[in-house]
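One chain, chain A, links the two complexes that follow: it is found with chain B in the first and with chain C in the second.
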Partner chain A sequence: MRIALTELRRRPARFAPALVALMLLTLLLLVLGGLLDGLYNGSTGALRAQPGELLTYSSDAKLSLVRSRIDAATAAEVAKAPGVEQVGGLGVVLLGAKVPDRAEEASVALFGYQLAPRGVPSPPQHTGDVYADRSLRAHGVKLGQTLLLGPNRYPVAVIGWVSDTNFLLQGGLWGNVETWRKAVESARPDAVLAPGTFQALTVVVSPGSKPTEVAAAIDAATGGTTHTVTRSFAVDSLPGLAQQRTTFNAIIFTTFFVAALVVALFFALLTLERTTMYAVFKAVGASSRQIFAQVLSQAVVIALLSFALGAVLALAATFVIPPQVPLQLTQARAVEVVVGLVVMSVAGSVLSLRRVVRVDPASAIG
Partner chain B sequence: MLLARAEIKRARLRFGLLAGAIGLLIFLVFFQQTLLGSLLTSFTGALEHQSGTVLVYSADARKSLEASVVSPTLVDRVAAVDGVGQAGPLGEATLTFVAKGQQVDVAVLGAEPGKPGQPTNLVKGRLATAPGEAVASSEDVGKGFGIGDTVATASGGAKVTIVGLTERSQFSVQPTLFVTFDTYETLRRAANPDATSVPPSAVAVIPAKGVSPREAADAIAAAIPGVDAMTRSEAVTSAPGVSSVQSSFAIVLGLAIAVVALVTGFFFLILTVQKTAALTLLHAIGAPASYLVRGLLQQVSLVLGVALVVAIALLYAAVSGSSSGLALTIDPTALVTSAAIIVALSLLGVAFSIWRVVRIEPVEAVSHQGLGGVE
Partner chain C sequence: MNALTLDEVRKVYRSGDEEIVALDHASLEVADAEILALVGPSGSGKTTLLSIAGGLLSPSEGRVIVAGDDISRYEPKRLTAFRRENVGFVFQSVNLVPFLTARENLLVVAELDRRDRKKAAKRADQLLDELGLGARKGNLPAQLSGGERQRVAVGRAFMNEPDLVLIDEPTSALDTRLGEQVMQLIVDEVRARETAAVIVTHDLRMTRYADRVLEITDGVLHSGPD
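And then the complex of A and B:
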C-alpha cells in the first residue's frame, strides 16, 4: 500500500492522464447533476410547496394545471368528500414580466392561491401585491418594484420574497386570487375563468385518513368530473419532467461508465508496463492480493483526487455560468458523484486483477 | 502488411470483439443523432412546414408561440407594413381530445384559409377550408387521426373531421391538427367556455415579391413596437426546448464519440505494448518503422470499417423496427459527418501507439532477454 502511494507521490506525471480525464468527468457529472437538480426544482417548486397532500384537477385536463377548470359547485363537492379537511383554490398564468431598467423580460408564473403554500405567507390583502421567488433576483427583480406582466402590462408590486416556488422554470409570483384573475383578464382573455372557478384545488386530508383513499372518494363524489392525485404524482406528471430526468440520468450513467472504462484501460496499460516489477515483488514474497491492493489503492486515490479537483472546477463554474441557468450544486449530488466515481474506479481496476494474478515470479530472474 | 493481416486472421475473436464493441458504440452515436433530428422535427415541424415565412409574436412571449398572444388588430397593422405581401392570424393551443376512446394531448394550429400559416407538407387529402375540418400529422394516423376520422375535444365535445394529412409537421411532439381560425376559436371556446375572447397567438406573414423574410421581419419590427418579428427559421431554432435538447444531445454524442476514440486508442496501445518485443525484432531484421506503422493503421482501418458496417446495419434495423410514437428518419449527411469525425478522432486516438512504434530502437533486440539478447 505504502509503495503504491509512494509511486503516486514520486511519479505523478505517470498518473496525470487518468487524473485529468477523471477530473473532467467529475466536472461533467457535477454540472449535469446540478443542472438536473436545478431543472427539477425550478419546474416543481410550486407544486411541492402546496399545503395539501392531494391536488384535484378536472378529469379532461390530463393533469395539466393550465388546462384544468374546477367550478365552484365541484369545489363544494370536493370539500364535502369523506377525509377532506380543507380545500383551497389554485390558479396560475405563465407570462413575461417587464422588470424596471431591464431590457430582457423575465418569465414568471403568477399564482392566485387560497391556502398558503410552504414558506409563503397568507395571500396578500391588496390586489396587485405579490410575493416573488428569490430566483427572480437574477433577473433584476427587487423588493418594492412594480413588474409589468403580459402584453398589456398588468402591474404587480413585489412585497416580499419566498423560496423554491417556481413553476415550469418560470419565477413564482404569489398573489391573491383577484390579482391572478385580473392578470389573466389582461393578458390571456382566452384563459379567463368564471368567478369561483379555479384551475385546481389543493386538498388537505384529515388526520388519520389515507390520501389515496381520500382521492378516490373525491373523484367518486364529483361523479368522475375530477382527477385527484397525490402531490408527488402531480409533480411527476408535469410535462417533460420524466423525459428530462431520463435523458439526464442516461447521460450521467454513461459518464460513470466512461469513468470505469478510463480507469480500466489506464490500469490495464499500467499493469502491463509493470509486469516485470510485479514479478520482482512476487519473487521477494509479495502476494497477488498485496499487489492488487496497490492497484486498487492507486485507483481510489486517483478517483478521490480527481473528484476534489473536479469539484473545485464545478464550484468555479457556478461563478461563470449566468444566474439564469438553473444550476444547483447540492451535497447529496456531490456524495453520489464521489461514491459513484470510487465504485467505478474500483470496478475498472478489477479488470487488471487477472493480469496481476498471472504474473510469474520466475520471470523476475529471467 | 502481410503480418498485420495475418495477425487479424489468427486473432479473429479478439479483433472481432473489438470491432463489435466499437460498432455498438458507433451505433449509439448514430441512433442518438437520428433521434435528435427526429425529435427536433417533431418539436417544431409544424412551424417549419407552414407557409408564413415571417412570424410575429408578442414581445413578452420570449420567442415561444405557446406563450404569445397578440391583439386581433395587429394583423391589419402588420399587413400595412411596407414589404409585407400577406398577413393572417395564427392560433396555437394544446387541447385534450378524445380519439379512439382515449384522451390525447393535441396541438391545434388555426389559420385563415388562403392566408399564411397553411401546412406546406400535405401528403394526402386536402387543406381544411370549412369549419370542423382539419389536416392531421400523418405520423398519428394510428392514434385515430386518419382521413375521414372524427375526433372531439374532451371538454365541450367540439368535433373535427380529418380531411388531409401532413408529413414532418408535428408541434411539441404531439399529434397536430391544422384547422381554420374559426374552427380554432370554436375548439378553444369548447375547452374553456369562460373565455372572453380568443385572440391569435401570432401573425403569420408572406413577404411581398422581391422582399426577403429577413427584410420583412426587420421592417415589421421597426414599424410596430412591442412585437417580436422573426423569420420562420429563427422562430424554429429559438423555440423553447430546442436549444436545451440540442445541447443535452450534444453532450451525449460528444461523450460517445470520445469513448469510441478512447477505446480504439487504448486497445491498440495495449496491443502495441504487448507486441513491443516482436516489433523490435522486426525492426532489427530490416522492417522500416513506416512498414510497422502502415500495418498498425491497416488494422485500425479494418476494425473501424467493420464497426461502421455493424453500426449502420444496426441503425437500419432499429429504425425500421422502432415502434415508439416518434417517427425516426435517417439523415445520411449527418451520418457521413459523424462517421468522418469518429474515424478522424480514432486515428488521433492511435497516434500514441504510432509514436511508440516509431520510437522502437532496433538495438534493443540484442539486449532484450526475451529475444535471446544479453543484458
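And then the complex of A and C:
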C-alpha cells in the first residue's frame, strides 16, 4: 500500500490522464445529478410538503391538481371516512408575477391551503399576504414586496420565506384560501370555483391506520367520485416526472459505467507496463494479493482525488450557471457520486487482477 | 547442512508435441558460505537452474532442498513465502523500483514481509553503508550510476537475511573495473554474512571470485573450467 501511495506522490503526471478523465466525469455526474434533483424538487416540493399522508383528487382529474375539483359535500364525505383524522383543502393557480424593478415576470404557483404544509406557517390571517419560496429570490423577490399576479395584476405581499415548496418548477406562494380564490377570480374569472370547493384534499390518517386502506375507504365513501393516493404516489404521478427521472438516471448510470471503463483501461495499460516490476515484486516474495492491493489502493485514491477536484469544479459551476437553472447540489447526491465512483473504480481495477495473477515471477530473472 | 542441494533435477517444457529439456538430471550441492559460479553459453539452462533453486520455477522431476527444506513440491503460495524469507535475488537487469529511493528499494522486501519497520530501516541503512551508498540512500535509481544501482540491488538481496543468494549476470551491464568492484562487494557481503551464493555469469574473469565453478551445457552440469 505504502509503495502504491509513494508512486502516486512521486509520479503524479503518470496518473494525470485518469485523474483528469475521472474529474470531468465527476463534474458531469454532479451537474447531471444536481439538475435532476433541482428539477425533481422544483416540481414536487409543494406536494412533498403536504401534511397528510394521502391526497384526494376528483376521479376524472387523472391525478392532475390543476384539473381536479372537490366540492364541499365530497370533502365532508372524505372527512367522515374511517381512518381519516383531518382533512384540508388545497387549491393552486399558476400565474406570472410582476416583481418590482424587474422587466421579466417570475412564474409562480399560488396555493390556498387550510392545513399548513411542512415548513410553512399556518395560513396568513390577512387576504393578500403570502409566504414565498426562497427560490424566488433568484427572480428578485424580496421580503415585504408586493407582487402583481396575472394579467390583471392581483397584488400579494410577501410576508415570509419558506423552502422547498415549488410546484412544476414555478415558485411557490402560500396564502389563505381567500387569497387563492381572489387571484383566480382576477386572472381567470371563468375558472372560479364554487365556495367550499377545492382542487384537492390533503388527508391526515389516524394513528395506526394503514394509508392505502384509508385511501380505499375514502374512495368507497365518495362512491368513486374521488381518487385518493399516497403522497409519494401523487408526487410520482406528476406529468413528465418519471420520464425525466428515467432519462437522467440512464445518463448518470452510463457515466458511472464510463468511469469504470476509464479506470479499467488505465490500470490495464499500467499493469501491462509494470509487468517486469510486478515480476520482481513476486520474485522477492510479494503475493498477487499484495500487488493487486496496490492497484486497488491507487484506483481508490484516484477516484477520491478526482471526486474532490470535480466537486470543486461543480461548486464553481453553480456561480456561473444562471440561478433560474434548477441546479441543486446536495450532500446526498455527492455521497452517491463518491460512493459510485469508488465502487466503479474498484470494479474497473478488477480487470487488472487477472493480469496481475498471471505475472510470472520467473520472468524477472529470464 | 548444505545451503542448496539439487538432486537429479529435470525441467522440461512442452511446445506442442515437442519436449524441450532445459535441465537434465542436474545434481549439485552448495555448502553454507560457499560461492558457486555457474558458467555456460546462452540457452544452456543457467537461468532455469537459478530459477528452480530460488523457487521461481518448480522442477519437473527431482528434489530441490534449500537450507534443509525440500521445496520441490511446494505450492505457489508456499513458494512465495519461501522466496520472501529464504532467498535473495540479484537480477541481471537490476530491476530497481524506479520511483523508490535506494533505501526504499531495500525496504520493499521488509514491507512485503510486514516486518518491524524500525528494525528493517536500521538494517537497510547498515547494508547501504557497507555497500558505500550511505550518502546516496535518498537518491532515486535514475540519479544513481550503473554501479551504484547494482550495489542497491545487492543490498536488496541481503535485506531478508537469506540462506541463499542467487545472482544473475551481475556484471553484464558494467565495464570491467566496475564489474570487479561489484563482484568484490558481493563476495565481501556473502563472506561477512556466511551466506551461500550461486552466481551465474558469462564472464570467465569473474569466476575467480567463486570457491567453485560449474559449467552447464544443454541443461547438463559439468565441472567447470580450471
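We adopt the following convention: the second predicted complex is superposed on the first by the 365 of 366 C-alpha atoms of A that agree within 3 Å, B and C clash if a C-alpha of one lies under 4 Å from a C-alpha of the other, contacts with A are read in each partner's own complex, and residues count from 1 in each chain.
Here is the rule we go by: a residue touches a chain if its C-beta (ideal position, glycine included) is under 8 Å from a C-beta of that chain, and two chains touch if they have at least 3 such contacts.
Remember, it's a predicted structure, so these values are computed and weren't measured experimentally.
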Looking at A:67 after the superposition, I want to know if it touches chain B, chain C, both of them or none. Which is it: first, second, both, neither? first
For A:273, using the defined touch cut-off, is the partner it touches chain B, chain C, both, or neither? Pick first, second, both or neither. first
Contacts of A:281 with chain B and chain C, given as first, second, both or neither: second
Quick check for you: in the superposed arrangement, does A:362 touch first (chain B), second (chain C), both or neither? second
Per the contact definition in the header, classify A:312: touching chain B only (first), chain C only (second), both, or neither. neither
See if chain A has more residues touched by chain B or by chain C, and give me that chain. B
Please work out whether A:250 is in contact with chain B alone, chain C alone, both, or neither, and reply first, second, both or neither. first
Is A:187 touching anything from chain B or chain C once the two structures are fitted on A? First, second, both or neither. first
Of the two partner chains, chain B (first) and chain C (second), which one does A:10 touch, if any: first, second, both, or neither? second
State which residues of chain A lie in both footprints, the one left by chain B and the one left by chain C. 366
In the complex formed with chain C, which residues of chain A make contact? 2-3, 6-7, 10-11, 276-277, 280-287, 290, 361-362, 364-366
For a test of understanding, state which residues of chain A touch chain B in their complex under the given definition. 28, 32, 58, 60-62, 64, 67, 69, 94-98, 105, 107, 149-151, 185, 187-194, 197, 240, 247-248, 250-251, 254-255, 258, 261-262, 265-266, 268-269, 272-273, 366
In the complex of these two chains, what residues of chain C are touching chain A? 47, 50-51, 54, 56-57, 77, 80-81, 83-85, 89, 91-92, 95, 97, 99-100, 104, 108-109, 111-113, 156, 160, 166, 168
Taking the touch rule as given, give the residues of chain B at its contact with chain A in the complex, in rising order. 58-62, 67, 69-71, 93-96, 103, 105, 154-155, 188, 191-192, 194-199, 226, 241, 248, 251-252, 255-256, 258-259, 262-263, 266-267, 269-270, 273-274, 369
